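Two complexes, one shared chain (chain A), two partners (chain B, chain C).
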Partner chain A sequence: MDFSQIVPALPALMEGMVVTLKLLVMAVLGGVVLGTFIALGRLSSNAFLSGLAKAYVNYFRSIPLLLVIIWFYLAVPMLLNWITGDFVPVGAFASCLVAFMMFEAAYYAEIVRAGIQAISRGQVNAAYALGMTYGQAMRLVILPQAFRKMLPLLLQQSIILFQDTSLVYAVGLMDFLNSARSRGDILGQPHEFLIFAGAVYFVISYCASYIVKRLQKRLVV
Partner chain B sequence: MNYNWDWGVFFKSTGVGQEIYLDWFVSGLGWTIAVALVAWIIALILGAVLGVMRTVPNRLVAGIATAYVELFRNVPLLVQLFIWYFLVPDYLPEGLQTWFKQDLSPATSAYVSVVVCLGLFTAARVCEQVRTGIQALPRGQAYAGLAVGFNLVQVYRHVLLPQAFRIIIPPLTSEFLNVFKNSSVASLIGLMELLAQTRQTAEFSANIFEAFTLATLIYFVLNMSLMVFMGWVERRVRVPGLMVGGK
Partner chain C sequence: MIRFINVHKWFKDLHVLNGIDLQVAQGEVVVVCGPSGSGKSTLIRTVNQLESINEGEIWVDGKNVTDPKTDLNALRAEVGFVFQHFNLYPHLSVLDNITLSPMRVKKMERVAAEKRAEELLERVGLAHKKDAFPAQLSGGQQQRVAIARGLAMQPQVMLFDEPTSALDPEMIGEVLKVMKDLAESGMTMMVVTHEMGFAREVADRVVFVDHGRILEEAPPEEFFMRPQHERAQQFLRQLLTPMN
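So, the complex of A and B:
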C-alpha cells in the first residue's frame, strides 16, 4: 500500500467533498421543510390529507433509495419535457437532489410527527385559548418546542443521509466517493483511494455521531 | 415529446433469446430474495453474538463488539461493498483468490461479495437491537439465573436471549426490510437483481415509467408481505403478560 499519491490528488477529492456536502445540506433543508408539511398533513383532522401524507410516507419507506435516485435521474428530464414542452437539460445533481429531498422527507416526517405528538396537548389548547390561529400556534408554540426535542434524531437521520449520498455513484455524479474512485483508477491505486475514502467517511460520521450523542445528553431535561 | 404508454411491455420479447421482460423481473426478484435472505441469516447469527458480547461483564470482549459496531455503522454501505468486491479478493490467500476470480462466474462472485458485505453491515445494526433487548430485561432475570446455578453461558442461552429476541421483533422487522432494500446496491457491482433488471428493462424498451412502476410495486408488496409475516411471528412467540400487543 502506498498512500503517497493521495496528497497531490487532494484538491480533486476536495471538489468531490464539496459536491457531497452541498447535496447533503440542500437535501437536509429541503427534506426537513417538506417533511414538516407532511407531518402536519398526517396529523391533520382532514381524512383525505392525512391519508395522502400516510401514503407518501409508506410509499417512500418501502422502496430502496437507489431506486428513487435512478428513477428520478431518468424521469425528471422527461417530466419537465412534458410540462414545458421543450428539452430542458437536467444535471445529475439536480435530479439527485430532488430524489434525496423527497425520499428523506418521508423519514423526517415520521420524526417530526413523533416530536409534535410529544408536545403536551395543553400547549395547543393554551395557544388556541390566547386566540392564535392554527398557523400561529404551530409556528410560535408547537414547532419550536418540537424541533428542540427532535433535533438529535433529525441530526442522526442526516448522518445516515451523509453516508447515503455516496449512492449517487449510480448516476455518475462526481461526489466524494466517485472522485476518489476515478482518481484511484487514473493513478493506478484504486485500493489506496478506496480505503482513504472509507476512512474519511468514517471519521466524519463518527465525530458527528459523537457530537449528536453529547447534544442529546445536554438536551435531556 | 410523445411517450408511448404500453403496459403490455412486460409480455413483449426482450430480443434476447426467447425471454420476455417479465422473465427479467422474475429472475431479478429471485436474486434480490437470495441476497437478502442469506445476508439476513449471517446478520442474525453474527449480530446475536456481537450483541451478547456487548453486554458481558468483560471490557475487552465488549470493546471489540463496540469497535465492530462503530466501524460498520460509520462507513457507507457502498464503500463497504466496493471494499469487499474490489479490494478484499486481492488480499486473499492464493488458492482462494484464483477460486474467487477465475472459477466463480462473475454473477456468483458478485453475489458472494454482496452477501458478505450486507451480512456484516446488517450485523452491526442487529447487534444494537440485541443489546437493547438484553438491557431492557430486569436485572433480576440474570441474577435469578445465576442463583439457580446456571453459568453465564446458560443464563444467556436459557434466560436472557429467548426473552430479548421476542422483545426486539418489531425493530428487527424493520432491519429485515432494510436488508431487502439495501440489497439493491448489488446492481452497482453488476449483479442482475431486481433494480438492475428494472434499469435494463427501462433502457431496452424505453418504457421507463412502466418498468419503474412495476419495480416499485414489487418492492411494496414484498415489504407488506414481510411485515405481515413478521407480525404473525411476533404474535406467535409473544410471552403472555410480558409484552403489550401492537408495535
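So, the complex of A and C:
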C-alpha cells in the first residue's frame, strides 16, 4: 500500500467533491420542495390529487435509484428533443440532478406527510378561524411547525442521498468517488484511492449523523 | 347577528344537531350549556364553518355562511373564535401570534398591527409577555392571549368554545374576567361553557342543549331558578351539587 500519491491528487479529488456536494444540495432543496407539494397532494381531499401523489410515491419507492439515473440520462434529452424538435444535450449533471430530485421527493414526501399529520388539527382550525386560506394556513402555521419536527429525519435522508450520489458513475459524471476511482486507475493504485474515498465518505456521513442526533435531542427538549 | 334556521347535522348515524333555531342579537351575550356530547361544541363550530352542516341555514352579519358563494375566509375574519385548547401557534411569539392574521389576512401594516396587539395585551393584562412563547405561559395566560388574538381581527362576534374547560381551577377566574369585560364593552358573544356563575352574571340568555336540540332558552335568572324542562333540571342538579 502506498498512499503517497493521494496528496498530489487532492485538488482533482476536491473538484469531484464539489460536484458531489453541488448535486447533493440542489437535489435536497429541489427534492424537499417537490416532496412537500406531493405530501400536500396526498393529504388533499381531492381524490384525483391524492391518488396521483400516492402513485408517484409508490412508483419511485419501488424502483432502483440506479435505474432512475440511467433512465433520466437517456430519456431527458429524448423528451426535450421531442418537445423542442432540437437535439439539446443536457449532460450528465443535469439529468442526474433531475433523477435525484424526483426520486428523493418520494421519500421526502412521506417524511413531510408524517410531519404535517403530527401537527394537531387545532392549529389548522385556529388558522382558518382567523380568516386564513388553505395556502396561508399551510405556509404560515403548519409547515413551519412540521419542518421543525421533521428536520432530523430530512437530514438523515439527505445523508443517505449523499452516499447514493456515488451512483452517478453509471453515467460517467465525475463526482468524488468517480474521480478517485479514475485517478487511482491512471496511477495504478486503485485500492489506495478507493480506500481513501471510502474513508472520506465514512467520516463525512458519520459526523453528519452525529450532528443530526445531537440536533434531534435538542429539538425534543 | 347570528341566526340558525332549522340546522341539522349528522355524524354518520348520529344526529348531532337536530333542528336548531336560534338567534343572537347584536351586543347580546348568549351562553350555551348542556351535558357533554349534547352537540353544543359542534353547534358553535358551525357558525364559522369549522363544522359543516347537512341541512338548514346559518346567517352571520347578514351573510349566509352555508351558501357556497359566501367568501368563508372573509367571514371568518369577522368572527373571533376562542378554543378550549387555546391553539396558539407554538412557533411564534405572543406578539406574532396576535399580528399574524391582521398582517397577512387584513394586510395591516406591521407597525399598526403591533400597536394594536400591544393595546390588546394591555387589556388582557399581559403586556409584559409580548415576547414570550406560548409554551412559557400558563394555561390562563395562553387563553387570554388567544382572546387578544381573536380581538385583533376586530370581529363583529366572538365565539367561545369551552374556554375554561382545559384550565386549572385557579386560572379560570382570570379568563372569565377578561370575557366579562369584553361583554360589558358591548361585544356580541356566544359562549359554550359549564361556568354557571359566568352565565348567571354576564349572559343575557342561557340556551340549554341536549341530544342536538335546544330544550330551553331563557334569561339566566329564569333558567337557574325555574328550569322548565326535566333534562335541564337534572343537568343543573348535577352541576350545582358537587360530587363530594
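Assume the second predicted complex is superposed on the first by the 220 of 221 C-alpha atoms of A that agree within 3 Å, B and C clash if a C-alpha of one lies under 4 Å from a C-alpha of the other, contacts with A are read in each partner's own complex, and residues count from 1 in each chain.
Heads up, the rule we're going with is that a contact is a pair of C-beta atoms (placed from the backbone, for glycine too) under 8 Å apart; a residue touches a chain by one contact, two chains touch by 3 or more.
As the structure is a prediction and not an experimental result, all values here were calculated from the model.
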Chain A as common anchor, with chain B and chain C clashing or fitting: fit
First, second, both or neither for A:Arg148, with chain B first and chain C second: second
Which superposed partner A:Pro64 touches (first chain B, second chain C, both, neither): first
First (chain B), second (chain C), both or neither touched by A:Val19: neither
Partner chain in contact with A:Leu161 - chain B first, chain C second, else both or neither: neither
First, second, both or neither for A:Ser209, with chain B first and chain C second: first
Which of chain B and chain C A:Ala170 touches, first, second, both or neither: first
Chain B versus chain C as contact partner of A:Ile38, first or second or both or neither: neither
Partner chain(s) touched by A:Thr133 [first = chain B, second = chain C, both, neither]: second
Chain A as apex of chain B and chain C, Cα-centre angle in degrees (nearest 10): 110
Per-residue touch tally on chain A - higher for chain B or for chain C: B
Nearest-approach distance, in Å, of chain C Cα atoms to those of chain B in the combined model: 24
Contact residues of chain A, present in both the chain B and the chain C interface: none
In the complex with chain B, residue positions of chain A that touch it: 59, 62-67, 70-71, 74-75, 78, 81-82, 87, 163-164, 166-167, 169-170, 177, 181, 190-191, 194-195, 197-198, 201-202, 205-206, 209
Of all residues in chain C, those that touch chain A in their complex: 48, 50, 73-74, 76-77, 79-81, 83, 85, 87-91, 100-101, 104-106, 149-150, 153
For the chain A and chain C complex, residues of the former touching the latter: 120, 122-123, 125-126, 128-133, 136, 140-141, 144-145, 148
Touch list for chain B against partner chain A, complex: 1, 3, 70-71, 73-80, 82-83, 86-87, 90, 177, 181-182, 184-185, 187-188, 195, 198-199, 202, 208-209, 212, 215-216, 219-220, 223-224
